[in-house]
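Next, two complexes with subunit A in common: one pairs it with subunit B, the other with subunit C.
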Partner chain A sequence: MKLDPNAIREKLGIGEDKVYGVIGEFDDPHELVHAGRQIRQMGYTKLDAMTPFPVHGIEDALGIRRSILGWIVICVGLCGTATAFLLIWYCGAINDKFVIGGKPLFDFTFSIPIAFELTVLFSAFASFLGMWALNGLPRLYHPSMNYRDAHRASDDKFLLVIEADDPQFEARRAAEHLRSVGAGAVEVVEG
Partner chain B sequence: MSEVAITQNPQLMEVNPPLVRAKDYHDLTEQISSIVEGDVIKTPRKYWITLGITSSITILLAAMLTYLVSTGIGVWGNNRPIGWAWDITNFVFWIGIGHAGTLISAILFLFRQKWRTSINRSAEAMTLFAVMCAGIFPLFHTGRPWRAYWLFPVPNTDLSMWQNFRSPLIWDVFAVSTYFTVSLLFWYTGLVPDLATLRDRAASKVRQVVFGILSLGWRGSARHWTNYEAAYLILAGISTPLVLSVHTIVSFDFATSVIPGWHTTIFPPYFVAGAIFSGFACVMTLLLIARWTLNLQNLITMKHLENMNKIILVTGSVVGYAYACEFFIAWYSGNIYERFTFWNRAFGPYWWAAWSMYTCNVFIPQLFWIKAMRRSIPVMFIISITTNIGMWFERFVIIVTSLHRDFLPSSWGYFRPTWVDICTFAGTIGLFLTLFLVFARFLPMIAISEVKGVLAYEKQLFKGQAVEVAAE
Partner chain C sequence: MSHEDNYQMEPARWSAGRNALAFAALVAVIACVAGCLQDPARFFHSYIVAFGFVAATGLGAFFFVMVQFLSGSAASVTVRRIMENIMYTLPFGALLFIPVALGLKDIYSWTTYDAAHDAAMRWKAPYLSEKFFLIRAAAYFLVWSVWIFSIYRQSTKQDTEKSVRQMYAASRWSAPGLFLVVVLGTLASYDWFMSIEPKWYSTIFGLYILSGGALTFMSMVTLIALGFRRAGVLRNSITLEHYHDLGKWMFALTAFYTYIAFAQYLLIWYANIPEETAWYRHRIAGGWFWIAISMPFIRFIIPFFTLLCRPAKRNLGILGFVAVWSVVVEYIDLYWVAMPAYYPAGPELSWQDFATLAATVSLAGLVFWSRFKKHKMVPVGDLRFEQGLYFENA
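The block that comes next holds the complex of A and B.
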C-alpha cells in the first residue's frame, strides 16, 4: 500500500495553508483567567488554554462545561457491583452447588466485600480510561505543538488559544484582540 | 532553618509558613526535573553503590524463592501449630506500609491538605512497591505459585470447583489485587502531566520518544484539565474507602476465625490505624533520606515533616488504645482462653516480642508531644525506624503468640524462623529499596504540576512577595 502524504495531511487537517489558531502568552494564571473572560466577552466561542497546572476559574472564563466523567464512572461502577453478585451467585448457587459447613449457597451478606472491591475496580478503570477518551488522548500530534513556545506550557507559561474554526475568526484581528487583553507574545499557529 | 524576612503580613507567615519555597514556576520545573535528567553515567557514585547493595539483596530474594520452590515449603519455619508465621507477618507488614501512600494521595486530597503535594508522588510509589513485596508472601505460601490462578474465579478443568466466596481469604485476593491496580492507575494519572514536562524538556531522541509515548500526548489544555481533575477527584474518592477496606479485609482473615487473640471485633479499625502508622513512618524514613541527598529542603519543609509526625503520634496512640482495649476485653469477657492468650502474650515465651512492640509503637512515639522532638530530624528519623520495627513485631505477636498456645497444651509449640525465612524477608527489603531508588532516579519524585498549583496559591496568599529559598 502506498501512503499519500497529501491525503494524510488532509485527513488530519494539517498543511501549510491551514491555520490552527492564534496563541497568546501570559506569565501568570490570574492574568490568563482575566484575559480569557475578556476575550469571551468579545464574542469568541472556540477558546482553549494550555497551562502547566490546572488553573481554577479558567473553565468558567472560557465557557468549558463541567466534565461528564462522573456519570460514566457511576454507570460502570454499578456494572462492577452487579458483576460481583452475579459471579458469586452463578458460581455458588447455579454452576456448582457445593455445600460448605451447611451455609447457604448464595447470600447477599457474604458477597458484599467482593462486590465492593469490584465496584471500586470497575470505577477506577472507568475514570482512568474515560478521562483519556473524553480528552481525545493518547495522540501523537496536535497542531498546538507548532507554537514556538509550546514546550513552555508545561513549564511556566500560560497560553490562551483562539481556534481557527471560531465563526468570528480572522487571524489578524484575533491577534490584536489577544494583544489588547495583555498577552505578552502572540503568534498565528499553523495547523 | 532560617526563615527569610518578609515585610508584609508577618503574622500570616508566622502562623502559616509557606509550603513551597521557590523563585518561580520555571525554578520548580528545573529543580525537580534536573534530578532525573542528568546523564546516567554521571549519576553520583554513592547512588550506584547503594543500588548495587540493594540489588544484591534482591538477588538473594530470587535465590531464596528458587530454593523454596525447588525444595518445598518446609524450608520455612512454619509448622503446626504455627502455620502462619513469618510469611503472613511479612505480608501484613508490607501491605500496611502501602496504606500511607494512599492515605496521603487520596484522603489528604479530599481534605484539601496542600502539604500533601510535596510528598504524595513518592508515597504512592512506595505503596506500589510495598504491595509488590507483600504479594510475594501469600503467593509462595501457597507452595505452588504456578497454580496462583486457582485463587481467582477463572474457569479451568484442573481445579473442577469454584472458590469459597464465604471465606475472607478470597475477599483478600480481590482486595489486594484491586488495591494494587487502583494504586497504579492513580499514580500514573498523577504522573502524566509531569511526564509531559519531561517530554518537553527532553534533550535526547530516546527521552523524547519514551516520554512522548508515556505522556500520551498531554498538552495541558483547559479541557484536559477539567476532565483530569474530575478523574483525580473520583480516583481519590474511591481510593479512600478502598484503602480502609483492604486492611479491614486483611484483619478479617484473623477476626473471622475462632482463635483466642484473633476473634475480636476491634481488629478492622485497629489494623487500619496500625497500617497508617507504619506507612507514615516508612514514608518519613524514605523522605528524610531523599530530602537530604537530593537537597529538597525548600519543597519538603519542616512543616511537612511536623505534620507527618503529628499523624504518627495520633495513629500510634490509636494503636496503643487498641492494645489496652484488647487486654480489657480479654479480662472483661471472662473467657479463660482469651485471658490466657493475653497473659501469655505479655509474659509468656514471646514476652520479648510483645514488649518490643509496646515500646516501639506506644511509648517512643509519645515523644512527639514535645514540639522540639517533632522538629528534630535525628529524632524523627530514629522514631520512624523504631516504629517500623514495632509494627513488624505487632504482626508477629498477633500471629505467632495467638497460634503457639491454643486450647490444648499437648499441641503447644514454639516458632523459630529458619535462615530461609530471614533471608526472604531481607530480600523483600532489598527489592523495595531497589525499586524506590530506580524510581527516584528516573521519574520525578515530587509532583511538579501539583506543587506549582500550591506555589500559585501561596503567591496570591502572600500578595506577590518573593518567597525565597530558605537556607537550612
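The block that comes next holds the complex of A and C.
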C-alpha cells in the first residue's frame, strides 16, 4: 500500500491554512474572568480559556456549560447494576439451578455486592472513556499549542480564546476586541 | 459581594434562644418525671433510644471536628464552630447517662439473667456486669471529655490569639483522638445498644451506630446553619458553596451508613448462624417487619437519589428536606435497633418516646446554645478563615 502524504495531512489536519482562533494573554485570573465576561457580552459564544490552575467563575463568565458526563455515568452505571442482577438471576435461577448452602436460587441479598461492584466498574469505564470522547481524545496535539507562548499557560499567563467556529468570528475584529478588553498580547493561531 | 457578618451573637437573640430551649427542656423533663413515675419500665425503654440519639450525634461531631483539624480543611471553617458546639454536648452526655444507670434493670436483660446455665452467656458474664458496665461508661465520658475540652479550648483560644500554635495543638490532640473516638465509640455502642440483646454480637455494630450518628450530626449542622440563615445570622459566612459541601457530606454519609448496615446484614444472612440471625429475626417479627422492609428505601434510596445530582445539593430547600429526613430516619433506625427487645410483637408508640427525645435533645441543645454567649459563632482566628469564606466548589 502506498502512503498518500496529502491524505495523511488532511486526516490529521496538518498544514492547512485553517485558523483555530484568536488568543489573548492576561496577567492574572481576575482580569481573565472580567475580560471573558465582556467578550461574551459582545456576542461571542465559542470561547475557551487556558490557565495554570483552576480559575473560579471562568465557566460562568465564558458560558461554558457543565459537562453531561455525569448523566452518561449514571446511565451506564445503572446498566451495570441491571447486568449484574440479570446475569446472577439467569445463571443461578434459570440456566443452572444448583442449590448452594441452602440458599435460594436467586436473592437480592447476595446479588447486591456484585451489583455494586459492576455499577462501580461500569461507571468508572463510562467516566474515563466518556471523558476521552467528550474531549475529542486521543489527538496528537491541540491547536492552542501553536500559540507562541502556549507554555506560559502552565506557568504564569492566562489565555482567552475566541474560537474560529464562532458564527461572529472574524480574525481581525476578534483580535481588536480582545485587545479592547485588556489582553496584553494577541495572536491569531492556526489550527 | 460583602462578607461582613456579625460574628458574635446578639445578647437579645441569645437570650431568646436560651429561653425557648430552657422552656422546652423544663416541660420535657417534667413530662419525663411524670412518665417515669407512671410507668418506669416504658420510660427507660424510651429513654435509651433518646439517649443514644443524642450520644451518637455528639460522637459524630467529635469525629468530624478532629478530621478537620487533621486535614487542615479550609472549606468548612465557617461552620466549624457549630460543629464544635455540638461536639461540646458529648461530655454532658454523662449527665444524660444517669437515667440509663438508674434503669439498668429495665433496659438490659443481662442484669437479671442467670448466665451460669447458658453456655452462650457464661463467657460474657464478667464483661456484662453492672459494676463494670458503669465503670466503662464513666471511662468513655472521662476520656471524651478530656479530649473535647482540650480541643475546644484551643479552638476558642485561637479566636483571640490568632496563632498557628493553637492549630498545631488541636491537631496533636486530634490524631490520637480519632483513634479513641472510633474504638471507644464502638465499645460504647456495644455496651449501650448491642447488649440490649445480650446474646447477639456483630463486630461492625459500632460503625453502624457511629455512621448513623455522623449522618445525623451533618444533618443537624445543615439544619442549624439553615436556621441561622433564616434568622439573618451568618448569612454571608455560610454561603451556598458551604451548603453544597454539607450536602456532599450528607450524601457520602448516607452511602457510608448503607454500606455498613448492608455489610452487617449480608454477613449474618450468609453465615446463617442462629445466635446471629436471631437479632434480625426479632426485627422482622410482627409490626417491626414494616420498618425493616422500608429501611433500604428510607435510609438509602430516597436520600441518595434525592441528593445525587449537583443542583439538588445547591438547593437549600432540598437540602433542608433531606437533613430533616435523615434526622427522623436515624431516630426510627435506633428505635428499630433497641425496641424489638422489649416489644417483640411490633412497635408500641408511647408519648414517652417523644417526651424523652424532647428532653435529651433540648438539654443537649441548651449546652450547645450556651457556647454562643461567650464565644464567636465562627472561628475567626483560624488561619484558614479567609480562605474558607471565599471557598468555591470546582
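By our rule, the second predicted complex is superposed on the first by the 174 of 191 C-alpha atoms of A that agree within 3 Å, B and C clash if a C-alpha of one lies under 4 Å from a C-alpha of the other, contacts with A are read in each partner's own complex, and residues count from 1 in each chain.
By definition in this document, a residue touches a chain if its C-beta (ideal position, glycine included) is under 8 Å from a C-beta of that chain, and two chains touch if they have at least 3 such contacts.
Owing to the predicted nature of the structure, the values given are computational and were not obtained by experimental measurement.
Enquirer: Once the two structures are overlaid on subunit A, check if subunit B and subunit C clash or fit side by side.
Expert: When both complexes are placed onto subunit A, subunit B and subunit C end up clashing with one another.
Enquirer: Looking at the overlay, does A:Phe110 come into contact with subunit B only (first), subunit C only (second), both, or neither?
Expert: The answer is both, since A:Phe110 touches subunit B and subunit C.
Enquirer: Counting residues of subunit A touched by each partner, does subunit B or subunit C come out ahead?
Expert: Larger number of subunit A residues touched: B.
Enquirer: Thinking of the overlay built on chain A, is A:Arg66 touched by subunit B (first), by subunit C (second), by both, or by neither?
Expert: both
Enquirer: Under the stated touch criterion, which partner chain does A:Pro54 make contact with: subunit B (first), subunit C (second), both, or neither?
Expert: So A:Pro54 meets both subunit B and subunit C here.
Enquirer: Tell me which partner A:Gly102 touches in the superposition: subunit B (first), subunit C (second), both or neither.
Expert: second
Enquirer: Taking the two structures together, which residues of subunit A meet both subunit B and subunit C?
Expert: On subunit A, the residues that contact subunit B in one structure and subunit C in the other are 54, 66, 70, 103, 110, 113.
Enquirer: Going by the contact rule set out above, which residues of subunit A touch subunit C in the complex?
Expert: Within the complex, subunit A touches subunit C at residues 54, 56-57, 66, 70, 74, 101-103, 109-110, 112-113.
Enquirer: What does subunit B use to touch subunit A in their complex?
Expert: Contact set of subunit B toward subunit A: 24-26, 29, 153, 161-166, 168, 170-171, 174-175, 178, 181-182, 185-186, 188-189, 193, 196-197, 199-201, 212, 216-231, 234-235, 238-239, 241-242, 245, 249, 252, 448-450, 452-453, 456, 460.
Enquirer: With touch defined as at the start, can you tell me which subunit C residues reach subunit A in the complex?
Expert: 262, 265-266, 269-270, 272, 308-310, 392, 394
Enquirer: Mind listing the subunit A positions that touch subunit B in their complex?
Expert: 29-30, 48-55, 58-59, 62, 64, 66-67, 69-70, 73, 77, 87-88, 91-92, 95-96, 98, 100, 103, 110-111, 113-114, 116-118, 120-121, 123-125, 127-128, 130-132, 134-135, 137-142, 144-145, 150-156
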